[in-house]
Amino acid sequence: MPQATLLQAIHDALLEGMARDPRVILLGEDVGREGGVFRMTQGLMRRFGQERVIDTPLNEGGIIGMAIGMALNGMRPVVEIEFADFIYPAFDQIVSELAKMRYRSAGQFTAPVVVRTPSGGGIKGGHYHSQSPEAYFVHTSGLTVVMPSTPADAKGLLASAMGGEDPVIFLEPKALYRTVRGEVPEGEHRVPIGEARIARSGDDLTLVAWGAMAPVAEKAAGLAAAEGVSVEVIDPRTLWPLDIGTIVGSVNRTGRAVILHEAPRSCGFGAEVAALIQERCFLHLKAPVYRVAGFDTPFPYALEKSYLPDPRRVLAAVRAAMAF
Amino acid sequence: MPQATLLQAIHDALLEGMARDPRVILLGEDVGREGGVFRMTQGLMRRFGQERVIDTPLNEGGIIGMAIGMALNGMRPVVEIEFADFIYPAFDQIVSELAKMRYRSAGQFTAPVVVRTPSGGGIKGGHYHSQSPEAYFVHTSGLTVVMPSTPADAKGLLASAMGGEDPVIFLEPKALYRTVRGEVPEGEHRVPIGEARIARSGDDLTLVAWGAMAPVAEKAAGLAAAEGVSVEVIDPRTLWPLDIGTIVGSVNRTGRAVILHEAPRSCGFGAEVAALIQERCFLHLKAPVYRVAGFDTPFPYALEKSYLPDPRRVLAAVRAAMAF
Amino acid sequence: MDSMISVIRPDGTADPEQDPGLPEEDLLLLYRKMALLRAFDEKAIALQRAGRIGFFVPSAGQEACSVGAGHALRDGDWIFPSYRDHGMALMRGCPLETLLGQIYGNAADPTRGRQMPSHWCDRSIRLVSVSSPVATQLPQAVGAAYAAKLRGEKVASIASFGDGGTSTGEFHAAMNFAGVFETPTVFFCENNQYAISVPVSRQTAASSLAVKAQAYGFRGIRVDGNDVLAVRKVVGDALARARDGKGPTLIEALTYRIGPHSTSDDPTIYRSAEEVAAWREKDPIRRFAAFLSGRGLMDDASIDAAAAEAKEAVRKAVEVVEAAPPVPFESLFEDVYAELPWHLAEARDALLAGKE
Amino acid sequence: MDSMISVIRPDGTADPEQDPGLPEEDLLLLYRKMALLRAFDEKAIALQRAGRIGFFVPSAGQEACSVGAGHALRDGDWIFPSYRDHGMALMRGCPLETLLGQIYGNAADPTRGRQMPSHWCDRSIRLVSVSSPVATQLPQAVGAAYAAKLRGEKVASIASFGDGGTSTGEFHAAMNFAGVFETPTVFFCENNQYAISVPVSRQTAASSLAVKAQAYGFRGIRVDGNDVLAVRKVVGDALARARDGKGPTLIEALTYRIGPHSTSDDPTIYRSAEEVAAWREKDPIRRFAAFLSGRGLMDDASIDAAAAEAKEAVRKAVEVVEAAPPVPFESLFEDVYAELPWHLAEARDALLAGKE
């Protein structure tokens, strides 16, 4: 299997999806002529024409609203929101429309739109080029929320999202775009929505992390191993609906859990995972479920490194859980 | 002390706040001539003039953006969003601007805006007149989130919000507007932000509930008492920053906790409260922290009664916790 | 652009310049549907007052808008209506029982009681599910039209909304996208002078709503919204242009909501009795009746008969719909996703268990 | 409305009809500030290329806009800038060290390294904190102006933004509110032809951006944005009208961004070399130099001297700012609320403990 970066893997999923299915349309700011600010859609407009790869005016609500209308009328739009931080002008279209269309029409109308957006920190982007908004979308009933951390998963999950019947918020860990490489199956490749990936097996503690925090978790697990602690790392990949079975199975075995994410801690998705674990694994837990997360501040510029969880902070939580 | 409904108490806080402080300005859709769709601001435009009680065009982002600008320039705007369900068009102004203004300018600019909005179900309003969006705002660093459930708290907390230096999302349980009455201190009355209220004392289990769920919790506590279970009911009043001390003190004593809210369960504010309790009270817990909440569906119209938690559903969770 | 197109002149005759020249049967159809719509609204309000339904959004006074526009639509066109456009649904053939089922929210409702009354939809006529948030349907109408254009279909989309809707961010986005992508979209603004209590003079300082089209580089037209023939003509032309690849149009239909904003509203707070009375004089149904009488197509007897017929049709439909059982409890958890996920299955099972 | 106001004519003389008639010292001040802005931008880009700062948003080619507008402002006026308006800050007296401190994000930054470079603010000149989300500052500018009007102060607010900004919902909201409430607000749109890679022809189908003002019932004006005197004149008039209670104005300044959108951008992907070269010919600084030379106010020597002086000022400021230490770690948790809440105190303490 060829090696690819996360960015290449997503690009390939888009290209192959468009080639396979004429209903697939890309739209967003700068996705056409420029090929996207991260060059994710480079070459696609030349190949598929400006009717199918659309440079839009600067209005995210318009982009997602238009995509919903396309989807109602049989297309498979894949939207790019330039940065996840700029998804808020479209929040109403997402929460009021995209998420509720199937329910409110009792299935008469559906909007299988995929909303791709670069998420998270790590590029010194400050407040507005670093946020991790997954919790907002997990809390919005009707949405599927996906966040891959490996190139193969990125390709396979995006293919599944594009082929599915439900709207998907597809969060891309921009810090990993060019920094991770991995084997990626050529041609059609699907990873099912709703199945977690066990990134590393272990016996003493379960560490749940997604997006750019998955490799941080793996590094922390390496540090812990050096201290004799065997950490299992689970990357949910699909944040919602969550593969709770895999997590509960692991925690029931290890008896300890730490959740790791970049987004601010309070009311983050880690709270939900922690709440679920303690509900379901109560008698197996030897320590509280700890959370390591971004701080409850806007995302800072100069102090980004202090803000973002690193393996040492994770290790401190692992130690605390082991010592409890 | 005179008796008042929740609606009257809020109205009085607005009226007294405007009379006391010429910097206070009200703005929103229909708040002027009509006095609001719930008649909350009735008579205020006649009294204070249409410069200070402003009927705005239909654009929530414009309303909150304008309020931010007023606040930057020394006013104390109090915004009404007609229903919490219509706050999403203003989500960008809230998340990107209101919540971050102080941080990003290192205190040079601040936006002490109060955003009032009727929240929650109970009026057969379906998808778009029933939502409880508190979790979105708790997860947004920089915001204070308040939700009273008694007339006295409503008046006192709104007065504190209007007199404070931080932006406040003030969620009003519309189901209680005219259905609860209580004593309300006359004249200036403040309830401090960040302090919970113990609505009922008990020894066996701690039940945390806010907004229109607080009276439901009290009813459930009554049912439990009939079964010999002594339930302590805590109404946080300020959802964020949360009065964790009061909750932890209670749970450490009772050893059991149930969280109750109307919003969809997953990634709701209940998840955060549950996560915090298990982190801090682990060794005292005799049962998992349970959650009773709205379902992870859009808010339904016909089946509203099945959707909204009622005392019997709460009682089932209390029983489960006691039997664990 | 601030002038207004009318067809039916004060003397009750048609302006030959603008007359859409509809065949007699269509003229009578328009009348019958307007009468049906009025009967439907009156019944719905009575049902709400009687506590048999919870809420309703009437369109009395605006019948010429939705019926005239609805008549101009063709099979294949997409409809993105507001909550005040059940006239379009009736015109396109949506059964009374579908609309009534929706406002009852029982098993007669194809949408399973999911939404508040007046938030209907009908896939078979491409009438998209009504949403409460004002104007969210506008960019969607542009997207549906774009898809049709991409596939080379000669169909258009119509988005309808109120004067208040023009202030939303969605209006701006949709108009701008339609202009840039030249989509076959008709923006149909029913300017009924108020957004709940806010008069249009406080909604915008523009000289008209139609003039706003200039900001997006396409045509804006003002039409007399109480003149069903004028609406039919202007919307018909705009749809034809759209289907022919000539791009979008904004239409401002000047009209008036005779009744309350909804059954929750008390319009006497913000409107004078004189103002309402003046507009009652311009009642679109009576005005069209006068025109038809002038043409010898109707007389007092057939006018009464049409009203009676409409009433009876509504009464019958109410009977059918009231007999339907409540929506099944389990439906609460369905249609959130294409397939029921584990967490909703669990929630349903727990609730069912607790119920026993 | 689609025509354009200029002052400096092709022959380098001023059109007496439009000439704002500034005193000589002001003319020279405008020139010096434009030269300073150019020197600042060149240095900042060099610093970014050298890895000494992380990012920068240049304004080269648009100096006449921000400097001309900045000169028209008075004490008490509010500024709601975009990330490309550091010229306004310079013009209003914001020290170079403040701007440079911000792009370094170290202890020399009054905003404590909180934001990306080019997101400055300065309370002392009422220049509000720049935000990345495009156009969010527009309704805020309306609110600040409303507050001033309510208190009877004779001040105005200016909001600046790009051609892309006109597509946002915030532009629509702000323009509409300003029209309805007749606030003393100047909407200053620097149409530099692109929103990153998207040309203005794909941003809107309108014949100009200035024409959009009609949708809101107030004046829209187009000005030559590479002509500092024209900008000074048009913005000055609009501000004066605003302060006098004559309401808002939309100004479209036609200009061009000579460099990349930001240091992260490669404009060669979406613009031709010829296009850029043609606009380089219209360089606002050289054009103004020609005018000043014609008036006998400058010559080659004083032009060179101004450039050298600007360079030296920037060099010195960089020296000062580079010497500053990093921002203190604890500041991460401050300014989220007026007072540090328990959960942030706990987080800070835990992190400090873990660090040891």
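Chains here go by letter, A, B, C and D, matching the order in which they are written, and residues are numbered from 1 within each.
One rule holds in what follows: a contact is a pair of C-beta atoms (placed from the backbone, for glycine too) under 8 Å apart; a residue touches a chain by one contact, two chains touch by 3 or more.
Keep in mind it's a predicted model, so treat the numbers as computed, not measured.
Distances between chain centres, each the mean of the C-alpha atoms, put C farthest from subunit A.
In this structure, the chain pairs A-D and A-C differ in their number of contacting C-beta pairs, and the larger number is found at A-C. The centroid of the Cα atoms in subunit A and the matching centroid in subunit B are 30 Å apart.
We define each chain's centre as the mean of its Cα atoms; on that basis subunit A and subunit D are separated by 36 Å. Averaged Cα coordinates give subunit A a centre that lies 40 Å from the centre of subunit C.
Computed from the mean C-alpha positions, the centre of subunit C lies at a distance of 45 Å from the centre of subunit D. Counting partners per residue, subunit D has 112, 114-115, 119, 131, 133, 167-170, 172-173, 176, 180, 202-204, 331, 336, 343 as the residues that reach two or more other chains.
Looking at subunit B, residues 56-57, 59, 61-62, 85, 88-89, 92, 96, 100, 103-104, 127-128, 141-142, 266, 295-298 sit in touch with two or more other chains. Chain contact summary for the complex, subunit D toward subunit B: residues 78, 80, 110-112, 114-115, 119, 121-123, 128-129, 131, 133, 136, 138-148, 150-151, 157, 169-170, 172-174, 176-177, 180-181, 331, 335-338, 341-343.
The touching residues of subunit D, counted against subunit A in their complex, run 54-55, 105-106, 109, 112-116, 119, 131-134, 164-165, 167-170, 195-198, 202-204, 264-265, 269-270, 326-327, 329, 331-333, 336, 343-344, 347, 351, 354. Those residues of subunit A lying in contact with subunit D across their complex are 29-30, 32-35, 37, 55-59, 61-62, 85-86, 88-89, 124-129, 265-266, 295-298, 300-303, 306-307, 312-313, 316.
Subunit A makes touch with subunit C in their complex at residues 25, 51-52, 54, 56-57, 59, 61-62, 64-75, 77, 89, 92-93, 96-97, 100-110, 141-142, 144, 164-166, 194, 241-242, 244-245. Taken in their complex, subunit C has these residues touching subunit D: 167-173, 176, 179-180, 182, 202-207, 211-212, 214-218.
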